[in-house]
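Chain naming follows the written order as A, B and C, and within any one chain the residues start at number 1.
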Amino acid sequence: MVTPMTIGLMIFYLWPVAQTFFYSFTKSGPFGGHTWIGTANYRALLDEPSVGQAVANTLLYTIIQLAGIPLAVLLAALLNQRGLRGRSVYRTLYFLPVVTMPVAVAMLWRWMYNGDYGLVNQLLSVIGVQGAHWASDPSVALYALAAIGIWMALGYNMVIFLAGLQGIPATYYEAAAIDGAGPARTFFRITVPLLSPSIFFATVLTVINSLQMFDLAYMMMSTPGSAAGTANPALPRVRTISYLFYQKAFVEHDLGFGAAVAFVLLAFILVMTILQFRLQRRWVHYA
Amino acid sequence: MRTKPGMKRRGTRLWSSSVVVGLLLSATACGGGAADDGKVELSYRIWDKNQMPAMQRIIEKFQATHPKVHITIQLTANQEYWTKLQADATGGSAPDVFWMNGPHAQLYAANGMLLPLSDSITSGRVKPANYPEALTRIYSYQGTQYGIPKDFDTVGLWYNKKLFDAAKLAYPDDTWTWQNVADAARKLTDPSKGEYGILAPPFNQENYYDTIFQAGGQVISPDGKSSGYDQPATLSGLRFWTDLMKAGVSPSLKSMTDTYPTQLFESGKIGMYYGGSWNAIEFAKNDVTKNDVDVTVLPKGAKRAVVIHGLANVVYAKTKHPKEATQFAEFLGSKDAADIQAQTGAVIPAFTGTQEAWITSMPQFHLRAFTDQLAYAVPFPGSKNTDAWQSKEAAIFGPAWSGTKDITAAAQEMATAMNAALREEQ
Amino acid sequence: MPDGTTVAGRPARRLGTAATHLVLAAGAVVMVGPFVWQFLTSLKTFSETTHVPLTFLPSEWQWSNYSQVFDVLPFRQMFLTTVLMTAGRTIAQLVFCSLAAYAFARLRFRGNNLLFGLFLSVLMVPGQLFLIPQYLIVQDLGWVNTLAGLIVPGMFSAFGTFLLRQFFLALPRDVEEAARLDGANPLQIFFRIALPLARPGLLALTILTVLWSWNDLMYPLVVSTDPAAMPLSAGLATLQGEHMTDYSLLMAGSIMATVPMIVAFVVLQRHFIQGIAHTGSKS
């Protein structure tokens, strides 16, 4: 019964990891052929400034994404109030970005972020704020990108938390009400601790997904391929590890270097995930 | 790629094939393959959908005289063309005949991916004199010709007549110099109305390569071994643009990233634009530009120059039918094929004397400006691995265009990076 | 329920509800507003999109932007490719994942722990680590630009196996035991008893696979280069590459590519939400 899946995973997943590992110690010519170059790719990782910058970009992006979690908890708590009307309507609307193709989302936001004709700056000008070129200004583009990320994931996290909230027995709240606890106290003393397994799950998932961020960054930064080829001035400050991987392996055809970049990504995911599982003992309460 | 232990590789292939055969209900894998009854199947890969009908007509004409040959067009998206071609060439499955461009020509030629076309020339079936000399040179590597020019493009000064009229300025013409451009740009700029005199993006072919050559500088040394970015003349060609950026007569680099320069020009609020001959067809369709703009030759610097780039048809070195593929490539370079291309207006055909149809295809624009410049056209610079250094230009020059870095330092940095890349090629 | 415990609590509660609605509605505007803007832009002319100050409504509704998408992209083919790719991956995953998951949940066989450990390790590894060899395999098989190349690697999933295993583990064993005593073999038990009971899990996997498959970008970008063989995600990326910043066209194209999934969601939203919620509670 496990044979088809095992074979499939072996061919397309397990064996490829070994192959990628092998490639990371080679250099490929423009038209094929691998030469064993030892750890040269890994040493080059340290020398190339774009790698360090990509790591920094990715980590910053990931940290900002985590801010979306408390927001989703709060929204879920608001939505979970008893007798709230229109709950399913809200839930549907908040969930909409989750089912929308990230490529389309990025195109849409790139247009909203347009420095001269974008809706965001238009709305800001109404309240007298001078907007930026959100998608091409190196100093703001990553934050603008992270905002899209939060916007996209909000509905997903909210649904996870709603499900978690519905698992909290009403008796806890009744007891709190009898003790005279206000909404804030109830939220921090009951909701958050009892929801902590869901919060933990969402955090782990958010970190893993954010570290692999590609679609949004790729679509926000890509510039038309005229013969000249130009680059978005914000690219160095937005390029994620995953983007760098794609660029090195599939645009510049440097499979070996790309493979090494992929292992950097793996290292970060492993470290961050292990770290979270370590830390969970301190704050996650399993009922 | 893939020179891992051969056994294992074959193993992987067999394994996955059998799994797939077992799992897939319908055979979705590609079929194809040629029958061996004297029929010759050729594939021809291109990237421009707009040119597909013209290419199809050329093929029909060729097949009429070569009944045993059947040619199929493979259309690949522009962005992915080189990725896919490189992969296919690696795997030995590149198309028999395909489009080649300047930056990739030497890479493919030097790595033995292209069939030399020396016989076509020595036999007189292809005459280099029929094509602009600078264009033919792009497709010659170490004295051997690898491509037959298909079409070409040059750059001209597009200008918005309405804005010039409003500012009471005379239209640009062939007497203009760099100074005229800077002066007019200043007078046409009115940030309060969102109007700018010129677009000065850091594009190489349309912008700084032209001015570098006009200043008497060079991008790469004639022997292809060293960068020209550390020469004073080259620097002044770059500085022409960064000065315009500094003067505030162009939209910012950020604006030109958010909205592509041609589209800013099409919004009718830009006075001048160094744009390609390829823009004509789009400008002829746009509501604003179809009436309001015209084009002239590039203004003069220390001397006159314009970058010429163009495509060529090349034959894959490992084609199974070198004879027929070469015949087809020769036909693609013929006057007959050029005439068919000219009618579409999409490109300027390379065959001398066939350009008239293109020039008259959009009479509202002075398209002759693009062919008038052939006399002093300079080939698009390239080396064995052009991408390796050209892809660094945008990132290094960007900050100089934004004003956060001095152009002298940027040019020096580019020269260093380029020289390092060129050393790798040797 | 402690509803209205004090008389004074009522107005306060009503005020609280109003504030809740205010916050939620403001949030909803932020969530939906961009889509409205996308739709409005898709109906404008190019010069209208670059007009300052911006106009909110198109002066004339340019439905032709939508038909233009068919001119610049082989949209019908891309749509069909996306549907077939999504269906192929999903159906295959349902079959293979449920078989493997059941085996891991119920059967004892030699090396099952080792094998399960291997599956779990795949779960931890980011897709980028598989991509280069997957691409080379696909290329070796001559599957670049084919449906097979798009579908086959996506037919197998360690995540799906793990997800369904959790569902099978949660099923009561006694029915299966009874069937076994009646002489049913494991496959019969799997198909007749376990599978029907695990329907919520299958549904969750279906929804997640469909979503992932429809929206995924990097893999299709790598294995399809011919627009005629691309799914919609890669097709849209190409559209942006070639039509630069012609936003009315881009918005029309992106709406056309996303509407099917949005409609599916609105119609089946209870299942979507349950499917997502399940992954949260089961993992």
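To be clear about the criterion, a contact is a pair of C-beta atoms (placed from the backbone, for glycine too) under 8 Å apart; a residue touches a chain by one contact, two chains touch by 3 or more.
Note that this is a predicted model, so its numbers are computed, not measured.
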Just grab the chain with the largest centre-to-centre distance to chain C, centres being mean Cα coordinates.
B
Two chains sharing the most contacts, counting C-beta pairs only:
A-C
Report, in whole Å, the distance between the mean C-alpha point of chain A and the mean C-alpha point of chain C.
16
I'd like to verify one number: the distance from the centre of chain B to the centre of chain C, where each centre is the average of its C-alpha atoms, in whole angstrom.
39
Distance from the mean Cα position of chain B to that of chain A, given in whole angstrom
37
So which bits of chain A are touching at least two other chains?
4, 8, 11-12, 15, 19, 114, 116-117, 224-225, 250, 255
Of all residues in chain C, which are in touch with two or more distinct other chains?
50, 52, 136-137, 152, 155, 221, 241-242, 244-245
Indicate the residues of chain B shared as contacts by at least two other chains.
1-2, 12, 16, 23, 78-79, 83, 91, 194, 258-260
What residues on chain A touch chain C, complex-wise?
1-2, 4-6, 8-9, 11-17, 19-20, 23, 75, 78-79, 81-82, 84, 86, 88, 90-104, 107-109, 111-112, 114, 116-117, 119, 122, 151, 154-156, 159-160, 162-164, 167, 170, 174, 177, 183, 198, 201-202, 208, 211-212, 214-215, 218-219, 222, 224-225, 242, 245-246, 249-250, 255, 258-259, 261-263, 265-266, 269-270, 273
Chain A to chain B touching residues, read off their complex
4, 7-8, 11-12, 15, 19, 22, 28-34, 113-118, 133, 135-137, 223-236, 250-253, 255
Chain C contacts chain B in the complex at 45-47, 50, 52, 92, 136-137, 139-148, 151-152, 155, 221, 225-228, 230, 238, 241-242, 244-246
The chain B residues in contact with chain A across the complex are 1-4, 12, 15-16, 19, 23, 78-79, 83, 86, 89-91, 101-103, 107, 111, 113, 194, 201-207, 251-255, 257-260, 309, 380, 385, 387, 390-391, 393-395, 398-399, 402
Counting only contacts in the complex, chain B reaches chain C at residues 1-2, 9, 12-13, 16-17, 20, 23-24, 28-30, 49, 74-81, 83-84, 87-88, 91, 93, 194, 258-260, 262-264, 266-268, 286-288
